[in-house]
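The following pair of complexes shares a single chain, subunit A, combined with subunit B in the former and subunit C in the latter.
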Partner chain A sequence: MKQVYMDYNATTPVRPEVLEEMLPFFREHFGNPSSVHWAGRQVSGAVENAREQVARLINCSPAEIVFTSCGSEGDNMSLKGTVDALRDKGNHIVTTTVEHPAVLSTCQYLEKNGCEVTYLPVDEHGMIDSAQLEKAITEKTILISIMWGNNETGTLFPVEEIGAIAQKYKVRFHTDAVQAIGKIPVDVQKANVDLLVLSGHKVGGPKGVGAVYVRRGTRMTPLIHGGHQERNRRAGTHNVAAIAGLGKACELAGERIEGDYQRVRDLRDRLERGIMERIPEVKLNGHPEKRLPNTLNVSFAYIEGESLLLNFDMKGIAASSGSACTSGSLEPSHVMGAMGVEIALAHSSTRFSLGPDNTEEDVDYVLEVLPPIVERLREMSPLYKKKA
Partner chain B sequence: MYSEKVMDHFSNPRNVGEIENADGVGEVGNASCGDIMKISLKIEGDVIKDIKFKTFGCGAAIATSSMVTEMAMDKTLDEALQLTNAAVADALDGLPGNKMHCSNLAADALHEAIKNYREKQG
Partner chain C sequence: MTASKKRIVVAMSGGVDSSVAAALLKEQGHEVIGMTMQIWDYSSFTAKNGETFGTCCSLDDVHDARRVAEQIGIPFYVVNFEKQFQRAVIDRFCDDYFAGRTPNPCVLCNQVLKFELLLRRARELEADLLATGHYARIAEEGAGYALRKGHDRDKDQSYFLFTLTAEQMTRVRFPLGGMTKEDVRGHAVRLGLKVAEKAESQDICFVPDGDYVRFLEEERGSGQMDGEIVHAYGQVLGRHRGIYRYTIGQRRGLGLSWPEPLFVVGLDADKKRVIVGERELLERDRLTVRETNWLVPVPGEPIEARCRIRYRHGEVPAVIIPLAGQRAEVRFAEPQKGITPGQAAVFYEDDRVLGGGWIE
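Moving on, here comes the complex of A and B:
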């Protein structure tokens, strides 16, 4: 059966060049980069090379890159480390209602431990209002944490405006850029970011590795205490193979960002247009223009997301949903809720996230398979009254 | 995560639809929990002669709806009232744990439909 993968915001396949880059570090070059001997020396260069590759992609200096195990670790490190280090300055964080759980849950944890958190609302497109951000800042505000692009809807936040506000009030700016990296240009100088989190497996690198950009001079308590790795910012023996893979993935992402993502954007737009033309009563969730080029989130009215995904899966199509059943809780997606999407439509929300391996043929296959599935599920739905 | 029987009932659901001029109709669930099940009955004497369902919900919700229509068909009303959500889940070789409480309402919908019929009978 034909298989079409349109869940690149969940994870991506490791690119062949990345795998090649990683392989020597399992057997031949197995050393610990912290060792002084030949085995250590063989690999320490690889870690530093990867650091340069990551730094180049986001326009920072290699010394400002800290390797981690994943995006969630990066977010935890940034938030908890900032709160601990800036205790004497204040205890207030400003974030949004639509952050990834790695930020939201960490904020909730910090609230239990004496922090105050303002969660900025979003409009129907999932967009924040910069004026509200500015108003939320108090003299106790130590951190603004706002993602670069939303994982569910693809909505892109005005990071440069946010960065300017952070600078004006001298508040630290952390951004979870896990979804933006490799899909659009990301420049930490332009956006005046202090802390930026990225993850390997979302950009054609391996799982189990990520990085945090920490602007020079940013005081932060480590999340993982131990040895002196990563300039004392993050202890733990380097995951050399994964770090080398992350570096290569970032290098490739930088080279291909324009070509790849123009093509992906065209495919996404073709899918979006096709769905809107072929199927009535479909609602776009997310910003119509300010959106990651690969992401399409739509609600097919009257049908529930999981049953749609199961039907897709039977046809070899991999996508994802914001329904309660797929979120693992009784509530549908918090992002849909924050955008004011009607609850039944929130359960219907379906995300297609495309990537560089998708083809026009993939899109046309989805467009062929989708309408009868939607029609069949609607016929089954007590909410659906067929229009005459 | 789902048993073969669940996937069978999900992909080929039995007795989908709505009976016109039904003798009893029952609806349970709500949009906020993501599951709505509606069952309609045709009753002759004391026996369910036809039963149909419409469901908005996940795989488990659709499969349990389909299964309960098979289990209740040609049963007397008292027999049908003995059917439980747990029995429906068992007949499907079980449901994943997190689905047991949220999407396993089909027997409740059936009972509501029978109640509706009996109320109309007065």
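Moving on, here comes the complex of A and C:
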């Protein structure tokens, strides 16, 4: 059966060059980069090389990169580490209602432990209002945590405006850029970011590795205490192979952003147009323009996203009904809820997230398979019948 | 085989029975799809390792089901029915106990989750049939289908299936109906299924430690339901800490001194009273049921049948009198002990299920 993968926001295939980069560290180069001897030396260079590659992609200094095990760790480290270190300055965090669970759940945990959190609402396109952000800041505010691009809808937040506000009020700015990295240019200087989180497997790197940009001079308590790795910011023996892979993936992403993602954007737009033309009563979720170039989130009225995904899978199409992290639950996505999408439509929200390996053929296959499935499921839907 | 090759969704729990059901259908050449219902937040409790036996089916683990599906090489999906399970099964479970009834959640789960929601999911995938690992049989009979006991009388689960409608019976199959548990275990071993050696337990899936009182109090809070223990003839004998702690026929844990053994013979939710009495007061010669489902044409007049009033109860002769409003009266040839509101009364003719309803 034909297989079409359109769930790049969930994860991406490891690029062949990345795999090549990693293999020696599973074979002959087994050393611990913290060791002084030859075996350690053989691999410490690879870790530092990767640090440079990551730094180049987001325009920071290599010394400002801290390797982690994943995006969630990066978010936890940034939030908990900041709250702990800035205890004497305040206890207030401003974030949004549409963050990734790695941020939202951490905020809820911090609320239980004495923090106050303001969750900024979003409009129908999933966009925040910078004026509201400014109003939310108090003397107690120590951190703004707002993602670069939303994982479900692709909506891009005005990070440069946010960065300017953070600077004006001298509040630390953390951004979860897991979805933006490799898809659009990300520059921590332009956006005046203090903490930026990225993850390897969303950019053609391996799973189990991520990085946090920590601006020089940012005081933060480690999440993982132990040895002196990562300038005391993150203990634990380096996952050398994965770090090398992450570095290579970032290098490739930097070289290819323009070409790859223009092509991906064209494919995404072709899919979006095709769906809107072929199927009635479809709603776009997310910002029409300010959106990740690969992401299309649409609701098919009267249908449950879960049914649609199962039917897709039977036809070899991999898509998602929201974040892979929340797909265990049938609660309508918190992002749809925050955007005011009515419940029936929220339940049917379906995310196509494309990547550089997709082709026009893939898009046309989806456009061929989708309409009859939607029609059949609508015929079976109690909601649709009521309406007819 | 190709001619009768069908697309069949199998409800997989991760236990031996549904795993073997899926594997056998696959072996027969059908296009099999495995589905597991996620009906409970697994992070909120730790299930004992084993499948259920005294109740209807097992809720082992999504992971076990997934591994079996991988092993036999079929697509596998987890469908999330947590909300519906809470509403249709758990809320009613609690309501029943607090109203002085002793509920049967397995029947409700079959009725609302498996044979309505899961069947709908199966149909959305253009499946011809939904199969489960129940020990019961569905066979074409005349113009329609008949539900019969499983061949293994010790494992027979037809009691839990009395809510099946004619429409559902055209689409539901029980591949293990003709087998014994031994046969099934034999197949599991022959097929090398990883779940072949699982033990069996007797608990309700969402109360894995069997402490349903604690479960109820966690769901609804404790207190408010304490009251008097009263003899059926009126004498107040003591106090209790909530009628939901008691069930009809219960003898232990009453903490009363009385010349003769006393049993719970009634629960009065309005007065918060537990009513007790001597053994003979447990006996009744009739009962009524509501929400009666007939798996045969609704009888126009009283019929003779055998009636089972709880899962582990040998059927006894009775006359069933259909009443208006989907109710029915059951008159037993011999008085029965421990007729328990909230349980199901299921009517049989030999091994065929005629219908059933909820004891009032």
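One rule holds in what follows: the second predicted complex is superposed on the first by the 378 of 388 C-alpha atoms of A that agree within 3 Å, B and C clash if a C-alpha of one lies under 4 Å from a C-alpha of the other, contacts with A are read in each partner's own complex, and residues count from 1 in each chain.
Note that a residue touches a chain if its C-beta (ideal position, glycine included) is under 8 Å from a C-beta of that chain, and two chains touch if they have at least 3 such contacts.
None of the values given here were measured: they were computed from a predicted structure.
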Ask   = Putting subunit B and subunit C on the same copy of subunit A, do they fit or clash?
value = clash
Task = Pick one for A:D313: touches subunit B only (first), subunit C only (second), both, or neither.
result = second
Inquiry  = Between subunit B and subunit C, whom does A:Y302 touch in the aligned arrangement: first, second, both, or neither?
reply    = first
Ask   = Thinking of the overlay built on chain A, is A:M380 touched by subunit B (first), by subunit C (second), by both, or by neither?
value = both
Task = In the three-chain superposition, say which chain, subunit B or subunit C, touches more residues of subunit A.
result = B
Message = Running through the overlay: 81-89, 135-143, 225-233 or 315-323 are the candidate stretches of subunit C; which one clashes with subunit B?
response = 81-89
Overlapping contact positions on subunit A, where the subunit C interface meets the subunit B interface = 306-307, 310-311, 314, 328, 330, 380
Task = Name, in rising order, each residue of subunit A that touches subunit C in their complex.
result = 306-307, 310-311, 313-314, 328-331, 376-377, 380
Request  = Mind listing the subunit A positions that touch subunit B in their complex?
outcome  = 302-307, 310-311, 314, 323-325, 328, 330, 332, 343-344, 347, 379-383
Ask   = What residues of subunit B sit close enough to touch subunit A in their complex?
value = 7, 10-11, 13, 16, 27, 31-38, 54-62, 98-99, 102-103
Request  = Could you pull out which subunit C residues touch subunit A in their complex?
outcome  = 38, 75, 77-83, 120-121, 123-126
